[in-house]
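Given below, in the form of structure tokens, are the structures.
Note that chain A is present in both complexes that follow, paired respectively with chain B and with chain C.
What follows is the complex of A and B.
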């Protein structure tokens, strides 16, 4: 009973925060509320027995997306003198009624679909639990991501690569001159970063290895790496921006490349596409996960830098 | 009332609210926030269904891991799309001086 009460309060909080984030008068307020919304959804994931999603949502959904939006809001309107970032742009009144109608219809359809699910739960939880022993890892979500549905992860890394390349093309060169690290930040922040940045790298490694047996893995580790790099970049210390283009491209391509290697080796040995050998599956999964986390980390921080520098000097 | 129905209801509300904001707002940054809330709503719905379809395990209910893997993939895709959209929005602003998609204002 108390569980349901907690769920009800949490759901009300989520919807309330989302509404405030969507309608706040100032953009800054909207973004701060959106970050609050992201953190509250991490709590919702814990309630839904999904600690993997709670980690990813807190690190990526709230953390990285929040940093992206806050940085954009601070930069929008600068130099053009058109509209200050703090002022809200009025919603177009003519669109309100059709927008509300469309939202109501779609909402009703989604609610009907959720209510008309068959009474007997039909899921793949049983199949995954039965096959997880043979996958090379013990955590079911990691098994689905890297063994049973490795194809999805492969394509996800390809989408990330495309986004990085697209954003890089739009933004132009992502190597602005930066002030020397030591001089650009205040001492307490410098101490904090010196403490936190190496810690985040260690934590990313631990989370990556943890993924074999419990919640964690390449996605969360990549997010932690990206968070550490964004922290350094915000303090004026270049991370990926100072790398030679070839080295940076290698980091971007590592994830997709590892999956291509796994596919080609498998096909050459007469296995199915992305079918991992039963006796060496754990090793292959570690190889894919390390490469994926490097690409996710480097890709996300490159996207952050591209969104930062786009429009400057043009 | 169950945990599933509560979270499925909240997810539906998020989807509808975000859809409204996505259409009604003209500011591109606000549209991007709305897209992110819309994504969160869809993820939450998937999570609620995974919870409902769980199997009893050694320590409580074990939810369906397949939707969880899909959501994990979706979260990374959604931040990639957000960053790409913000880059485009910055570019639009640099070219037109406005953070909207209005034709009258944009083409000067």
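What follows is the complex of A and C.
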């Protein structure tokens, strides 16, 4: 009963926050509501017994995206400005009627599709649970991501790499050597950074290793690393900004590179593509995960840096 | 109801009071500094009491310590952000005074 009540309140909160974020007049307000929405949906993932998703949603969906949006709003929209003429909700009936019609058609298609779903949900959970013993790790989510469906993770890392390269091209190369402690950092912020930045690196390592036995892994660890770097960058700390471009590129490439190494070594030894050897699967998975988390962290923070560089250029 | 459960209930109720008061303050207080005062009370005391109440139910020292660590982390973040936001608010106020 209490659970049901909690879930009902959470659902209402999610819908309410989403609506408020979409219809709010000022960008700043919309972004704060969006961050609240991200944190609430992380809670929803916890209620759905998907802690891996909850961690990723809180770290990337709410935290990193929120920081990116707030920074962009501060740079482009001067934070509290109204949305101006380009409002997302069309106002005239001439625009609203077709939009409503399109929404109705799409809604009807989704409804029809939902009705034609098989009664018994097809699930691979049983197969995964049966095979997780042989994967080299004990957490089924990690086994799927790094062993059974390693190919998907490989391509996801390639997508992230392309996104980073694209953002870098638009921003005119991410060469952040510009910032040498632009602003004097206020003392409490400096203390926070001294405590939190090394702490986040430790925490990322712990979350990464924990992925072998429970919720955690490369994506969450990468998000934590990126969060630490964003904190340093926002405070104007020179560590991230002074990273040589070549080093940053190596970090971007680490994840895809590790998967290429795993593929080539496997193929050379006569195994299938990305098939991990049974006796050394755990080691390979750790190798792939460490490289992936470094790449995810470097990639996410590079997207952030690219947005800042682009903002300064305009 | 044993003594530990009773203590937990009392702590959680006290925590809820501080969260409620803090939220009211954020909604009702007139300026940024007063609102910061309200929200940091909720963050610090409210969360502290909540953590104390939950730690009594934790069952193991490790879990209780993790809860306390969560509180300390929140304290660190809320104290720093309150200082930074407060600094911006005070500077903004000075700018206004100079403009007048």
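By definition in this document, the second predicted complex is superposed on the first by the 269 of 314 C-alpha atoms of A that agree within 3 Å, B and C clash if a C-alpha of one lies under 4 Å from a C-alpha of the other, contacts with A are read in each partner's own complex, and residues count from 1 in each chain.
In the analysis below, contacts are C-beta pairs under 8 Å (C-beta built on N, C-alpha and C of every residue); 3 or more make two chains touch, one makes a residue touch a chain.
Since this is a predicted model, take the numbers as computed values, not measurements.
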Side-by-side fit of chain B and chain C on chain A, or clash: fit
First (chain B), second (chain C), both or neither touched by A:248: neither
Partner chain(s) touched by A:123 [first = chain B, second = chain C, both, neither]: first
Touching partner for A:53 - first (chain B), second (chain C), both, neither: first
Touched partner set for A:188, first chain B, second chain C, both or neither: second
Chain B versus chain C as contact partner of A:171, first or second or both or neither: first
Touching partner for A:240 - first (chain B), second (chain C), both, neither: neither
Touching partner for A:34 - first (chain B), second (chain C), both, neither: first
Residue contacts with chain A in the superposition, chain B compared against chain C: B
Partner chain in contact with A:45 - chain B first, chain C second, else both or neither: first
Distance of closest approach, chain C and chain B, by C-alpha atoms in Å: 18
Partner chain C, residues of chain A touching it in the complex: 186, 188-189, 191-192, 195-196
Chain B residues within the chain A interface of the complex: 1-3, 6-27, 29-30, 32-34, 36-37, 40, 43-45, 47-55, 57, 60-66, 68-73, 75-84, 86-91, 93-95, 97-100
Footprint of chain A on chain C - complex, ascending: 76-77, 79-80, 83-84, 87
Touch list for chain A against partner chain B, complex: 3-4, 7-8, 11-12, 14-15, 18-19, 21-23, 27, 30-31, 34, 37-38, 41, 44-45, 47-50, 52-53, 56-57, 60-61, 64-65, 68-69, 72-73, 75-77, 80, 82-83, 88-92, 95-96, 98-100, 102-104, 106-107, 110-111, 114, 117, 121-126, 128-129, 140-141, 143-145, 149, 152-153, 156, 159-160, 163-164, 166-167, 170-171, 219, 222, 296, 299-300, 303-304, 306-307, 310-312, 314
